[in-house]
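Below: one structure, written as structure tokens.
The chains carry the letters A, B and C, assigned in the order they are written, with residues numbered from 1 in each.
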């Protein structure tokens, strides 16, 4: 009975797990690139603040649990939801008190295009492409 | 990398589940690492270590490699026991996991394992006491009432476990148990408990003022006849004289006395550790734990103050039973002068497979059974008894002592009992000696005590 | 393929891991002829290679979880084939391949979360059908259907379905209805009802081991349903509620009547040939194995009933050592923890991952801690390691759902219109 072989087997197994975890990290990186490409690489910006859009349903609101939190009393707790499908972004009003205005027009649900301005209460968010700022 | 809040929430749940599981696994691993020797004691593969006496003499050889003289283990064979499963209430059987030459990291160590139990016993003293019985049956137990170390615990008939159990069918009854751990009829040694109870119930002044007369017998409240061993009677006596004379009628009258209500006696006996039955329901038997060995306490039946068997119960016959270890422990409560018993133990220390100490003994005391004043008074009564009656038969020791004669097998045999202690801070020994069927043997209980003390006490 | 280098190295190290294990079998194992080892090695390495060649044709975006799965499954084949002597366990080999196929099925079904979400009525119906099957075929004290050539445990199949049913998207939670004074999401009530019925069914079947698993799946789903999209319950409230539940549980155990306590805390060492037989044997096996084990096939536990399923952890400990068994557990944990490294892109997939993790960890805990006498022994299988077709297929399916969350599909533009319509109503 030789323990060293079991020890080697354990060590190789550990290295294998490590390699697979590194693989997963690499995949995260490429997954992010693919995501950017698929979602036209968009982001929301309010003056200097930039809100990244990293998943397909994004809640905007005053509540602490909202993905994009805007601490302003004119914004409802859950005000609007951004949604991406088939590479197209859209914004939906969630029965908010003050509603949402895209390019000055009050809307319930509308597809967003690059450069659109979304107004929630008194706050003004710009839907723009990431490269623009650089 | 930015993760949105919503997704992070899902990750939190995953983290919680994983961490709880990992904590559980860590606990599991620690537990396995710690308890593995215990698991191994249930396995068929094991390698046991040694049991030593206080001087390094071997009492049990788990390795089986040493050579020992014939009947080397016969004095403590049924106390130390072995791993064969024939004797269950023994030191080795109850502590087999501590004796295992195994650790989770090292596995089973076949060669050079250092797992051992170092006991408090004195093998040579046990041997001498065993020989002093001259083949008679009985048991002797002695311990240091300051520390609780059991020094002598021998029982006859006994067995040398290395010889196997081939003739188990022909063994005399009681061979495979250490009798000191099991109940026996205490005889007049029971009167110590009754004196303690009376002292607690009435107080010293009142008890010493009580005087009863003895004409060799006493007709009690229910017309039962309590005989005295002295058929001429002892006349009128106080408690000191009654103890010295071991006068049965005195104690029968004491139990009947209106100052000694049966309820109070029951309470006091229960406090002392008796399982007191009221004649209808059996009281639950409790055990004294001596390093895993179950040692019976005492039990008795008390129904009515004037009842024949209740009175005999308080005198030490009838349905009263007490284990020699329990009788010895009560002596420690008197000897300590505190009313607290010193708890006896057998294991001084335990070493694991690497020789590292894993367990060491410490002295423990029972709860307060009776007041220190009672202890002092009873101590004085017993010391006076020792001076007046045992100065010649147990020479050279300032012993407090109470004898007893127990009738067993419906009066066909009489057992001699001696319980007591040495009142000497250098040699704090409490003991109990039982010599069965005393008229059929040349052995004498007093000589056994003398041999024991000669071997244990350093003068 | 986006990352050929990491793909290559992953293949290499998975092969290396299996190779060293097989070498360990060869040098420490108990076998009558070397042929048995060669057959086992051929089967394992062959399956590895086949998988590595076939995988790229599926055009997935990520492979890490798949590698993890094939690593664990082939480890499992080696473990199971070595119990009591090296010989390829063909039945287990086939079930492992089935698990790989089932993983593909799980991936294909779940990769587009909007599609699977729109089919939730079918999922509910599926659970219902399975419960009817249980009602009709298993009877009140059994959990097995005997088909003659194999036995099926229908309650296993409810697990992935319940995970899917409990998973929710953000938009679904915004679809509220006013009932009296409360804003209520109908689905939450439906899921509660379904879970309650499932749990009652498990109680009725005396499949006590499944109850904590379903409970954990629902608990993770419940927290994700009420905590985020409704925001009614803050973290503090939840933590306090959790502590209260834990305290209540402890108090309940303390004040429970003695006969219940006896069921919960069985002293296995009092009855090592009766009720405590399996667990005491398992613990003795672990103790005898030590850190590095006795070598493949040299154990004694393979004679004990359910040594390859209920107390499989101990059997592996005995033959391979506690350290290796812990590594195996670590692999299972890493597989379910993959969403921590590569986070999913949608809330629905995140929910699925949490549910799968809950189901896996609870099953593992019940199996391992149960067989080691830390908690009551329920006879739950260890995912992927224990023998058993139903468990293997469902576990594979659940890992497929994790794979789906790692490489999701968002490009089905045609289907997105349906979702938009729902949104308008909300």
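The rule we apply is simple: a contact is a pair of C-beta atoms (placed from the backbone, for glycine too) under 8 Å apart; a residue touches a chain by one contact, two chains touch by 3 or more.
Remember, it's a predicted structure, so these values are computed and weren't measured experimentally.
Chain C has the Cα centre that lies closest to the mean of all protein Cα atoms in view. Across the assembly, the mean Cα position most removed from that of subunit A is the one of B. By number of C-beta pairs in contact, A-C leads when A-B and A-C are compared. Computed centre separation for the pair subunit B/subunit C is 56 angstrom, with centres defined by C-alpha atoms. Mean C-alpha positions place subunit A and subunit B at a centre distance of 77 Å. If you average the Cα atoms of subunit A and of subunit C, the two centres end up 30 Å apart. The set of subunit B residues touching two or more other chains comprises 3, 5-7, 9.
Residues of subunit C in contact with at least two other chains: 170, 227-228, 343-345, 347.
Residue positions 28, 54-55, 57, 59, 65 of subunit A are each in touch with at least two other chains.
Against subunit C, the residues of subunit A that register as touching in their complex are 1-3, 5-10, 12-17, 19-28, 30-31, 34-35, 38, 54-57, 59, 63-65, 77-78, 81, 83-88, 90, 92, 94-95, 108-109. Taken in their complex, subunit C has these residues touching subunit A: 2-3, 6-7, 9-10, 13-14, 16-17, 19-21, 23-24, 27-28, 61-65, 67-68, 71, 114, 169-171, 174, 227-229, 231, 292-295, 320-321, 323-324, 327, 330-331, 334, 338, 341-347, 406-407, 410-413, 416, 419-420, 423-424, 426.
Those residues of subunit B that touch subunit A in the complex are listed here as 1-7, 9. Across the complex, subunit B is touched by residues 28, 32, 52, 54-55, 57-59, 65-67 of subunit A. On the side of subunit B, the complex with subunit C involves touching residues 3, 5-11, 13-15, 17-18, 20-22, 24-25, 27-29, 31-32, 35-37, 39-40, 42-43, 45, 102, 104-108.
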